Amino acid sequence: MSQLVSVLLSGVAYGVPIFLVASGLTLIYGVIGVLNFAHGAFFVLGALLTASLLGGATPSLVMFILAVLAGGLLAGAVGLVTEMTVVRRLYRADHMTMLLATYAVLLSLEGASEVVWGTDSRSQRQPELLAGDVRVAGAAITMYDLVLVVVGIVVAVGLWLLINRTRSGRAVRAIAQDATMAQAIGINAKTVLLLVFGFGSLLAGVAGALMAPNVAISPSLGNAFILQCFAVVIVGGLGSVEGSLVASVLVGIAETAAVAYAPVLTGFTFYILVAVVLVLRPQGLLGNARVRRA
Amino acid sequence: GSDASGSDSGEITLGVLGPISGAQAQIGQNQVNGAEVAVAQINAKGGINGRSVKLVTQDEGSSPETAAAAIRKLANDGVSLQLGMLSSANCLATAPTLPRLKVVMVDAGCTNDGLTGHDGKDAPHPNFFRVGNADTLMVTSLAKVIAQKFPTVTDYDAFGYNYVTGTSQWKIFQETVKENGVALRTQKETFVALGEQNFKPYVQALASVSGDPKTRGLYLGTYGAGTASFLQQAQDLNLASKYAFIVQPGGYYPVARTLGGRAPEVWNAYDYSYAAFDSEMNDAFVKDFEAKTGKKPVSWSYDAYLAVYAYKAAIEKAGSADYDKVLKALPGIEFDSPAGKLTINAKTHQANTPVVVTHSAGDPNATETVKILETQLVKPED
Amino acid sequence: MSILRLSDVTASYGLAKALFGVSLTLEQGETVGLLGRNGAGKTTLLKSVIAEPSVTVAGEIAIDDRALRGLPTYRISRHGVAWVPDDRRVFTALSVRENLELAHTKNAPADQLAKVVASVPLVGRLLSRRGYELSGGEQQAVSIARALMSAPRFVLMDEPTEGLAPLIVEQLQESIARLPSEFGVGILLAEQNFAFVAALAQRVAIVSTGRVAWTGSTSELENGSDLIDRYLSAGASQP
Amino acid sequence: MSLLALHGVHKHYGGPPVVQDVTLAVEPGETVAIIGPNGAGKTTLFSVMAGERLADLGRVELFGKDVTRAGARRLAHAGVARTFQIARFFPSRTVEENVTIALQSTHRRYRRFWAGAPRPDDRVGRAIDATGLTDLRWVLASALSQGNRKNLEIAMALVQQPKLLLLDEPTAGMGMEDLPRTISILKDLRQARPDLAIVITAHDMDVVFALADRVVLLANGRIAIDGKPEEVRDAPQTREIYLGNSYRGGSA
Amino acid sequence: MRTLKSPAVLLAAKWRTAARPPAAKTPGRAWSSLRPVAEPIIFAAVTSILYFSFDQSLQFVLMTGVVYALLTASLGVLLGWSGIYTFGHAAFFGIGAYTAGLLKDRDMSPLLFLLAGAAVAAVIALVVGLLGARIVAVEFAMMTLIIGQVVYLLTFKIEGLQGDNGIFGIPSGTIGGWDIATEDNLWWYIVAVVAVLLGLLRRIQLSPYGVSLNAVRDDPVKAAAVGLPVRALRLSAFVLSGAVAGVAGVLYAQQQGIVTPSTLSFTFSGQIIIMALFGGLYRFWGAPIGAIVFLLLNNQIFGETSHGTLILGVILLFIVVLMPGGILGVADWIRDRVKVVR
């Protein structure tokens, strides 16, 4: 029983941060349909800036929050510039061209961070308040993971409300489908797309900043996460924030369950899960095939 | 042609290869810096046979194909004396082509056993030499020391990246520990995909195992950023306290430096620790390296440094920097190193440098925030 | 009273020209029919006004002497121009109500939705449907209703009756007929349904191979039967 | 034996059925027009008849053979050609190539990966000429105007020499030039191929009366009336739910 | 919906013929049957001229580039002709290469190696294609990515594949006494195989079958309605592409003498896409040209500088933004302008 609790708990602790990292991607890909390869670079940017601002030392909670925000803002700002200089020109091109463009952005940002921060990895410590672990039903979970889970859920709910319950959310969905028609009913598609891209990048930056205390931070860190992010967004279903969240948690639980019950499968559960979901439900867990067909 | 280093006068050019871009760039940069320090020292003392030495750098890249192109590029530019390289796959791919390209390689990074004459066999590649240690030697040395120091630790968990060198090292480690009289039992064994950075479930699984910390050891088969990430994620669950020790083959020092004073105590084995050698040459190496980069040298800098000195000895002996003369001179050559005189075995093409088993831990107040608690040299018994 | 004026408008798709120097005016409160053979350039003309991105436009397009050309589509829309495209373009991911509400701008009265639903046939019972659930004709109705949500000054209608059942066309005709008088809307009505145009438009412009070949009042067209032969039916050879 | 027979066909899209209990037979040589208000289920019924969507309940027979689960491709090979309400075609190919593909796809030539580039033959040229696309032959299909897209679709259907032709509002958006021509193409076709059956929907009663031997009024997914064109036209129900007052007997 | 925007839309935006008077015959029909022969010959000739004017190192890069040209051409079958998205193309290349690796001790003709690689890759492509028969668009790409990653991870799990060290010592062999191990002979062997296969692919692309693939790409629903077997066409394209990628993999193994897991990593899959796009995906020769140019460029950038990533990224950015149709897209653009001027 306690093992089951532990599996579920650490599954969630593993999965939700993936969602957090993928959240910006969910927004940008799921909602405006741009497969953003550069997402990993925005993520890393957030982590690098936070770590270099705090210099690796144990910060106070306030300092930490400020640094996280700064990381998010930097990524967001770079995202805005990227949209204005590159992405904007290619909305009318196809998926693959956009992929190439964002890949180029990824390389450029990774290269630029190498120039600015060097290739050495660095580490960052969370505030003392958030250190240590807590016990839930006999299973241990680190305090910081708990914080990430909470933040992840808040982001998920917030994004869901934003997309489904606000006028701008509707505008974004309309633009995603048909930008010209959206403009023809008075929506400033250009600005909305800019803001969405910027906000998605900001989310990536914040996620990177929040993940900083968990990993060794170097310009190539993004590679370790990008695959899972893509998978989570697509397996969750196009445009579905809640789908991404569910997919992330499933990924987490599958892997922790494998560690506990089927060690041969460790490292493979993720792939198995994705393949099974896609074969059984090609449109993704909560995706809507009919929306896509139109 | 091989004119640049071939003639008997003028500058001698050595080529250094390493992954100077991409995920491994940090290591490649260390190699280049090590070689550059050696070259600067040699030139300051009047060069080799009165000729000054020049170093050209080439990016090894991340695949055999880029490495092959890089070696050819240098060869084209007339640089037939090359050193460096990091990835064993790249070395394995290119070593057979060296004679055709008229290139000599003194490897300072690839650790695959099969690259030089293993177990007293003949060298498989006539133009390939190595001044760093091979995998097996490092792990067996580490295992011996650990078995001696901790005879009562019998229950091992292993965690690491899933790659051939990594998993075979873990096998050798277990065998050697057993050979040294410890009844080793393997408990949890997890090997994850290379490059993974998110280790939460595995850390959590390790942390949930109960047992007497005095009898438990953790074998860590990750490297680079992976090790740093693992240790960071392990920290809040206090994983280190569940084990008598953590042991890791490979270079821990740069990782510990990354962790900025919070690195747990780890036993590791590699070619070098700046604190392990008490020699004039080592002092000079450390001093010059620090002056150049602001950091202490690490194993990869050391190996590349050795490679340059091996070339120096060979060229001096050959009296020429010509490709064929140097190639003839290298087998059996004896050269100076911070560890004393080393020899490239004529038969195996391997120069074994003492394995440095280091026990170190993070300490915010120590040099570079890493405190070297203990080092032990294991001399190769060749 | 505003006026939408096109003078010497040339439009092309990439390198291919589709309009050659078209001039046309439309006053608020007026309905002008656009007739022409398939492929004549009616759609292109409407697209030029709304700055649809696939067409490149040269020449002058202005509302009350304020130039529209060069403005992005959304600005043109905010100047009071609405568009019913020939391919409907209902937002499938949104419900019909959301489709309509999204087009509701500040300029329009708060109860615009109710007004539009009351006047455009069919949409009333579709409000809770999702865009992808609509039949062809239902999409057409939603597209028309959506264009009216912003209380526009000018509406560009591209074959609004296409795909609608006769009863609905009849009702639509009534509601469009009310637009100019009750709401002062100017309508540019591209149609193949001659009767529909004849019933609604005061003036007619005939487009033929990218040019406005003839303009005049509806009655003139109905009487001048050779016009129809020349420009609309298969009768005579093309100019 | 009927050419096409539907028995108790139901179809829904997750909600309530939009086609309910439709039983309908089409004989060789017959032209049946399906009319009905917007959203009555005409297009849905078409997609069931063409195999694009499979019926939830009921049976579809072609020449007496059960084809309920056959799918679009097999039906096409069995001689069913259809057009879509919103024209569909291959936008990256020219008009001629579109028609050539339609011709070859049922002739199994598409499998010939060793053969040279597909060559349009006379049939392609005839179909293009018949639909008035001669001048636009080398134009990319994506560049066609709305009306010409319809023409292209008809050309693609014609060239397949079908036994059953399903036309979903083929004339919507066609002007005074194209509409009469389309009607006469279809009339000629029937003359030339007396076994051909056509099922057509149109909201334009002129088209319906010009072509149909039989008219079916569909309302809320059910067949309300099935009879001679005049019968259906004059039925009060038709006028009430579909025609309204505007239509004053086009044939008069 | 943007996510469904097919390559066709891109083509349409760049439409070639205005409503200009009809030509009497389709332009260049006679030429089109010669293309599958003439074009590969030109390809082989041009690359050979380059080869013999290059230094050793560039020769090596060019040789790899020609192998990649075949690989990217096989990707073109999917992305370009059929509108099938894939992120896992490296897997088939790697499978071909590993097939050669596992057979390295067999004493057989290099051509048999090619056949074996093609066969194994084709069979696996068939299995993957069947598994993903219902999946389309980016979801299919995701599935190929996942399969690719699994194959990649298996090289570490399966003992005989020797993990990160890879299988080395793969011979190039002799064909009828002609030793292809020397560099120049290896060049002739590789360029001949690649040119022949490119010619074959070109022929297939221009065939009725190739045109049918375009139809499926443009509108699968309409394609089914006119009687095309949409799934079978997709599947066959996937198998064809996999088999050709497998051959490219064998060539690679023969050229490099080693095969490592990096040949089937997803980063490499990404790179293949980049190379193909770089040349222009929607023209047959775009992908192969892209591969060669990209590799040469890449080699020039990643040399002594440690800012290679940055420079490459910026160059790519300029290329995408200024010429989204790739190298051949620019060629088209220029040709169109010239035509108008005339």
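Each chain carries a letter (A, B, C, D and E) given by its place in the written order, and its residues are counted from 1.
As a working rule, a residue touches a chain if its C-beta (ideal position, glycine included) is under 8 Å from a C-beta of that chain, and two chains touch if they have at least 3 such contacts.
Just so it is clear, the structure is predicted and the values come from calculations on it, not from any experiment.
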**Prompt:** How short can a chain-to-chain path be from chain D to chain E, counted in steps between touching chains?
**Reply:** 1
**Prompt:** From chain E, which chain is the farthest off, judged by mean CA positions?
**Reply:** C
**Message:** Between A-E and B-E, which chain pair shares more contacting C-beta pairs?
**Reply:** A-E
**Fill in**
Distance in whole angstrom between the CA centres of chain B and chain D is 74
**Request:** Report, in whole Å, the distance between the mean C-alpha point of chain A and the mean C-alpha point of chain D.
**Result:** 48
**Request:** Measure off the straight-line distance from the CA centroid of chain C to the CA centroid of chain D, and report it in whole Å.
**Result:** 28
**Message:** Two-or-more-chain contact residues of chain A, please, as numbers and ranges.
**Reply:** 92, 114, 119, 176-178, 223, 267, 290-291, 294
**Message:** Using the touch definition from the top, which residues of chain E touch two or more other chains?
**Reply:** 1, 6-7, 9, 13, 15, 17, 19, 153, 306-309
**Item:** Multi-partner residues of chain B (each touching 2 or more other chains)
**Value:** 21-22, 25, 29, 162, 193
**Item:** Footprint of chain B on chain A - complex, ascending
**Value:** 3, 6, 10-11, 13-14, 17-18, 56-57, 114, 118-123, 125, 131-133, 139-145, 213-216, 218, 220-221, 223-225, 252, 255-256, 259-260, 263, 266-267
**Request:** Within their complex, state which residues of chain B touch chain E.
**Result:** 20-22, 25, 29, 56-59, 61-66, 68-70, 72-73, 75-76, 88-89, 92-93, 96-97, 100-101, 112, 162-165, 167, 193-194
**Message:** Considering only the defined contacts, which chain D positions touch chain E in the complex?
**Reply:** 50, 52, 71-73, 76-77, 81-82, 84, 88-94, 96-97, 100-102, 104-106, 109-120, 134-140, 142-143, 156, 160
**Item:** Complex contact set, residues of chain B against chain A
**Value:** 21-23, 25-26, 29, 162, 188-193, 195-198, 200-202, 204-205, 207-208, 224-229, 232-233, 236-238, 254-255, 258-260, 262
**Prompt:** chain D touches which residues of chain E in the complex?
**Reply:** 6-9, 11-12, 15-17, 19, 21-23, 26, 29, 32-33, 203-204, 206-212, 214-215, 217-219, 221-230, 233
